[in-house]
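Take a look at the structures below.
In what comes next, subunit A is part of two complexes: it sits with subunit B in the first one and with subunit C in the second one.
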Partner chain A sequence: MANSEAAIRRPHFLARKSTRRAVLIWSFLVPSLLIFFLYRILPLGWNVLLSFQAWSPMKPAVFIGLENYQEMFFDDEVFWQALWNTLGIIASAPIGIAIALALALLVNSDIRGRDIYRTLIFLSYPLMTVAVAIIWRWMFDERVGLINYVARIAGLVDKPIPFLNSFTWALPSVIAANIWQMLGFYMIIILTGLQSIPENLYEAAAIDGANAFRRFARITLPLLRPSIFLCFVIGMLNSVTSFDLVYVMTAGGPGRATEILITYIYKLGFTQTRFDYAAAVTVFFFVLLLGVTWTANRLSGGNAGAVEAD
Partner chain B sequence: MGKYPRWPIHLALIAACFVMLVPFYWVLKTSVSGENIFSYPPSVIPRDPNPFYYVDVWYAIPFARFFFNSVVVSAITITANVVLNAMAGYALTQTFRGKRVVLMLFLSCMMIPFQTTIIPAYLITGKLGLLDSYLGLALPMFSTIICIFVFKASFDAVPRSLIDAAKIDGLSEWKIIWMVMIPLAKSAMATNVILSFIWSWNNFMWPLIATRSADMQTLPLGLARFLSYQEDSTGALYAFCIMVLAPGILLFLLAQKEFVQGLTSGAAKG
Partner chain C sequence: MDRRTVLKAGVATAGTLAMPAYLRAQSNKKLSILTWNIADQEALFKEEFADFQKANPGVEIEWLDKKGPDLPAFYQTQLVAGTAPDIVDLQGELWVEWAAGGALLDLTPYLQKEPELIKLYNPDYMSSFVYDKKNYLIPFYISKTLLYYNKLMFKEVGLSAPPTSFAELISFSEAMAKGEKTGFLTLNFDWLYWPLLKMNGVELLSPDLKKPAFNTPEAAAVLDRLAKATASGGINKIAWTGRWVEPNGAFAAGTVGMFHAHSAAYFFVKGQGRWINPDTLGAVQTPGDWSTPTNHGFAVSKTSKNPELAFALVKHMTGNKWATRFSEIRRVLTANIEADKAGLAKVQAEDPLAHAVLQTQLEHTDKMTGNWPLPNDAQIKDGFWPEVQNAVLGRKDAKTALADAERAVARVLRRS
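Right, the complex of A and B next:
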C-alpha cells in the first residue's frame, strides 16, 4: 500500500534493503518498548490482577473477586480520608495557577530585569522535593519557624500555630509548600502562552476602545485557555503524586490529616505488606487521574482559534 | 504599549521573588549558625556564622557515599535515556509497518504515572534480582516518552535535502545518523540530559522502595533518613540540605535557558 508505493518511488538501492531497514527500525524501538512494557504496561495489568486477589509474598494467590474494592469503599475510613485530601490538593491547583497568571502578566510587561525575576521565580521548581519539604518544615516550625514569627510580630496570632501538627492547618501547609514549588513552572507555561498571542489583536481592540480589563477578559484569557489547562493537568499530576513532599513534611500525619492516596498506597504496600489491597487502591487512583485528565482535556479543547501552548 | 508607571510592577515582582527566596535564606542562615533552634525570637541575621555544621555532616553521615550513589545512578539513567530515546525517536521519523500501533502505545504509556506502578515495579525488579543495585535503581527510568518525542521533533526538523545529499554521497544510514542527525539534535540532547538528570537526581520514592542497605542510599534518601534520626534538633540537617541543593542550584543558574526550555518542552507534550 502506501508503504510499497513509497518504496517504489525511493531509489532502488534503498528499496532492496527494505527488510534490513525494518530490522534496523525495530531494533531501535525494542529497548524503549521493553522498558515501557516492564515498567508501565505490565504493572498496570498486574495491579488489576492483584486487586482481585488475596495475595502476599510467599503465599499462593486466591481469587476473591471484588472483596478488596468492597473493603475500600465500605469499610476503610482511611481510604476516604486519603481520597478527600487528594481531591483537596487537586482543587488547590487553580490557586497556584491564578497567582502564576498574575506573575506571568507582570513579567511579560516590558520592564527592566524581567529575566532575573523569571529566573528567581522558576528556581524552586527543579529542586529536590525532599529538600524543599525540609525547608518548609522549618518555615512552618511551631517555636522558631519564620511564618509563626512573622505572624506574631504582625499580631495575627497571639499563640504560635503548630502548623504541621494541627489537624486544620497541616493539609493547607503542605498545599502551600506544593504551590511554592510549582509556581515558577506554571508561570513559564503561561508566559509561553502569553507570548504567542499576536500583538495586533490588542492594538485592534485598543482602537475599538476596549479598556485594559476588557482586553484581558476578551483576548488574553480565552487565548490562554490551552496553557491554563495544560498547567492544571501537569500541576495536578505533579501534586497528587508528590509523595516525597507529604512523606517528609508530615508522613501523612497528624493522624491521617495529610494522608493522600499515594502515601496510603505506599504504606499499605511497604509497611503493612498488603500488596493486594494496595493494588486495588492503586487501580482506583489511576482511574481517578485518568478521569480528571480526560475531563480537563475535554474542557480545554474544542475552542476555535486556540493558541498552541508550545 | 502605552506609558504607565513601572514601579508597582517592580514592587509586586520583588515581593514575589522575596517569597521565593526567603525560605532558602532561612535554611542557609540556620545551617551556618544553628542558634535559633533554641532561641526566641529568631534573629534575622546569623550571629557568629561558622561552618561547623557542614563539618558535622561530613562526619555524621556517609555524605560522600550518598553523593557517589546519586552520581552513579544519574549517570546510568542519563546515558540510557539519551541512547534509547534517540534510537526510538529516530525510528519514529521513518515509515514502517506498525508505526501507528507503536505511537498509540507510547502515548498511552504517557498516561501511566510511575507512582501508580510502584507495587508491581517492586515485584518485577525483585524478580529480575535487581533490588538494591544501581541498575535496579536506574532501570525504570531508562527511557522517557516525552524525550522520545523531543528527539523525534528534532530529527524531523533536519532538512530532507541534507539527508538526500548525504545519501548521494554514499553515506550509509548509520553514518547519516551519526554524522548528520546527531550533531543537529544537540538541543534535544541537552533537554534529555537535563530532564533525566533532574528525575533521577531528585527521585525519592523509587530508591526508598528499591534499596535495602544503607550503602545504596542516594542523597534524597539519606536526607530524609537523617531527618528521621535527628528530628529538627541540629543545624547539621540544614547544612546537609544546603549541600544537597547547592549543586542543583548551581547547575540551574549555569544552564538556565536549557533548563527552562527542557522542562517546559517536556510539559507541552505531556
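Right, the complex of A and C next:
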C-alpha cells in the first residue's frame, strides 16, 4: 500500500526504472564532473584563450593572434633547447623500462628473498620527488658525493666529476635520478604482467624445443606489450612533468642544459611574469603529450595497461 | 498596514542596510603584511604590531611570511585575485616590475607630506627605490656585495693584502688554486656578480636603458679571463652554478680564497665555518669599490583599502625605535641612519668581524651597480645569465656568448 502511494507521488520522469538508475548514476557523477570541469577543462580553455593574448596580472588582456606562437617557434632558442631536453627525457624512458624488465624477470624467478628485493626496488617510487632530488643532488655532488667518492676510490677518475655543474653530465644525471625513481613502478607493472602469462604457454614452447631466449622473445615480450606501453605512457608523463626533480637538482642549469618545457613554463610565468607566452608554451606541451600518449596507445594496440590472459 | 508597522519595517531595513557599513568600517581597520623569509623575527614583529595597535586602537594586523622563492609567485597570485596584502616586503629589483605595472602605491606624496621622514634614511639606499622619479619603497633592511678573503690561504701563498684590481683578483685566485683549493667564488643571483664586469668598465645597457651595451671587446676579454681562471681551478665552478647554499657552504669549508657575496652571507658562512675569526677572515670592498645591492623594502599595494594606515605601519616599522631594535637583534643594517649607528655600535662590542662586514655596507654607497630600475629585469637577467654561464664554463667562446646574449636581451627590450 505504502509502496503504491510512493509510486503515485513519484514524479512522472522517475517512473521508469532505467531513468531512476540513470539519475542515481548521474547524481554520483556530477560532483566529480563538476570538479573536473572547474579545475581541468575550464583552466585548459582559459589557457588556450590566454595563449592568443598579451596579458599580465597588472594589464588588461589584448588579442594578439598567433604572436606568442610565432615567437615560440621562430624567435625563442630557449624553447627549442627545452623541447630537445624534454624529448631526451621521453626517449630515456625505454632505458628505465628495460632495466625494470630485467629486475622483474629476476624477482619473478625462484631466487631466495625475492620479496625483499621486490620491496627494496619498489621503495624508490613512493618517495617524494623533492626528497629524491635532494638525495641525488648530494650523490652527484662534486665534493662530498658518493658517486665521485666511489669513482675516485676505484681509480676510475683522477678529479671529481662536477655532474650537476657540467653541460655534458647534468642532463644524464637528472635522467638517472628520474629512472631510479620510476624503476619501482615499472617493475611492479611488468611483474603483474609477467604473472598473468599462463604457464602452459611456456610448457608448450619448451616441448616444441624453444630455448629460453626464444620463449622470452616469442611469448614473454609480446604478452607484456600492454604492460610495457602502460609503463612508457605513465613513465613518460611522469618524467616530463617532474618539475620538482629538475628544479631541485639543477633549476634548469647550468645554462639551459637541463631546462625542460615544464621548468621553462614555470620560469616564464612566475619569474618573468609572462603568463600569456607561458600559456602558448603550455598549449604546445599539452599537444605534444597528447600526441606521444596517443601514439604509444596505438602502438600497444589501443589497450595499454590491459592484462591479456588466456 | 498601520503607521507603526511601516515605521518598524523602516527602522529594520535601515538597520539591515547600516550593518554591512558598520562591519565594513570595522574591516577597514584591518591591515595585512607580507614579509620575505624572516619568520624568525616573529617575536619582534608581534611587539611592533602591539605598539602600533596601542597608538591605533581597533586596527587588526595580519602577518604572513613566505620563503625565498615562494614570495614572488604568491604575491603575483594575490594580485591577480585582487587580494594583495596591504604591505609587502620586496627584495632586489623585483619591485620595479610591479611598480611599473601599477601594482604598487607611489609613496612620493606621503614622503612629501612629511619632509622630516625621508631624512631618517640613507639617501643612496633611498634613491635605489625610485622608478620613474617616484619613490615606491621604504628601506626595511639592506645588504650589498663585498669581498671576503681567507687570510690563512692568503698567507699560505705569500699574499699579504686583498686584491685591488681585477687582474690581481684573478692572479691571486690562480695562485691559491691547488688540489681541492680554489681561489675565488662569487654569488650570482640578482646580478650579484655584476661588479666583476663593472670594475672593467662594462655596461649592461645604454644610458637610456633601451639598448644592450655589453657586447664589447672589454666584456669579451673579462669573460675570457674568467673562463680561463675557472678552467684552471682559480675560480670555483660553483661560482657559476650554485645559488646560495652551495657557494656559502664551499667558502665556509675553508678551501676557497675569496668570496664575493653580500653581507647577509657572513652570518651563514660563520655559522658553518669553525675556522672563521677576525684573524682568519677579512672583509673589504671589491676592487673598484663597486657593489651590487640586494635590499629589502616595504611597499604598499595599490589595492590597499587603507593606504594611509598601511603607510603609517611602514613608517612605524622603519622608524628609529623599531629599526634600531631590528638592527640590534638581527645584526643587519636598515638604512635608517640612527638605527644603523646604534646597531653598529652594539655589534662592534659583540662581534668585531661582523662590524667590519657591516661597515662596508655604508661605504661607497654611491658606487652601487646591477640595480637598474628595469621593469623587465627578470627577463633581461634570463637572457643574459645563461650566456655568461656558457662563456665562463667553456661551452661557448666569449664573443659568441656575448653576441647570443645581446640578441636575447635586445629581443626583451624590443618587446617592452
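The rule we apply is simple: the second predicted complex is superposed on the first by the 274 of 310 C-alpha atoms of A that agree within 3 Å, B and C clash if a C-alpha of one lies under 4 Å from a C-alpha of the other, contacts with A are read in each partner's own complex, and residues count from 1 in each chain.
The rule is short, and it goes like this: a contact is a pair of C-beta atoms (placed from the backbone, for glycine too) under 8 Å apart; a residue touches a chain by one contact, two chains touch by 3 or more.
Please read these numbers as outputs of a predicted model, since none were measured by experiment.
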Contacts of A:75 with subunit B and subunit C, given as first, second, both or neither: second
Which of subunit B and subunit C A:130 touches, first, second, both or neither: first
A:184 touches, of subunit B and subunit C: first, second, both or neither? first
Which of subunit B and subunit C A:117 touches, first, second, both or neither: first
Which of subunit B and subunit C A:254 touches, first, second, both or neither: second
Which superposed partner A:156 touches (first subunit B, second subunit C, both, neither): neither
Partner chain in contact with A:91 - subunit B first, subunit C second, else both or neither: neither
Contacts of A:28 with subunit B and subunit C, given as first, second, both or neither: first
Partner chain in contact with A:143 - subunit B first, subunit C second, else both or neither: both
Subunit B versus subunit C, judged by how many residues of subunit A each one touches: B
Shared subunit A contacts, counted only where both subunit B and subunit C touch the same residue: 143, 270
Residues on subunit A engaged by subunit B in the complex (per definition of touch): 2-3, 6, 11, 14, 21-22, 24-26, 28-29, 31-33, 35-36, 38-44, 46-47, 50, 103, 106-107, 109-113, 117, 119-131, 134-139, 141, 143-144, 146, 149, 180, 183-185, 188-189, 192, 230, 233-234, 237, 241, 243-244, 247-248, 262, 265-266, 269-270, 275, 278-279, 282, 285-286, 289-290, 293, 309-310
Subunit B to subunit A touching residues, read off their complex: 1, 6, 9-10, 12-13, 16-17, 19-24, 26-27, 30, 36-37, 39-42, 84-85, 87-88, 90-92, 94-97, 102, 105-106, 109, 111-124, 139-140, 142-143, 145, 148, 167, 173, 198, 201-202, 204-205, 209, 219-220, 223-224, 227, 232, 237-238, 241, 244-245, 248-249, 252-253, 256, 259-260, 263-265, 267-270
Residues of subunit C that touch subunit A when the two form their complex: 72-73, 76, 79-80, 97-98, 101-103, 180, 237-238, 240-241, 243, 250, 253, 376, 378-379, 382, 386-387, 389-390, 393, 395, 404, 408, 411
For the subunit A and subunit C complex, residues of the former touching the latter: 56-59, 75, 77-78, 142-143, 162, 164-165, 167, 251, 253-256, 267, 270-274
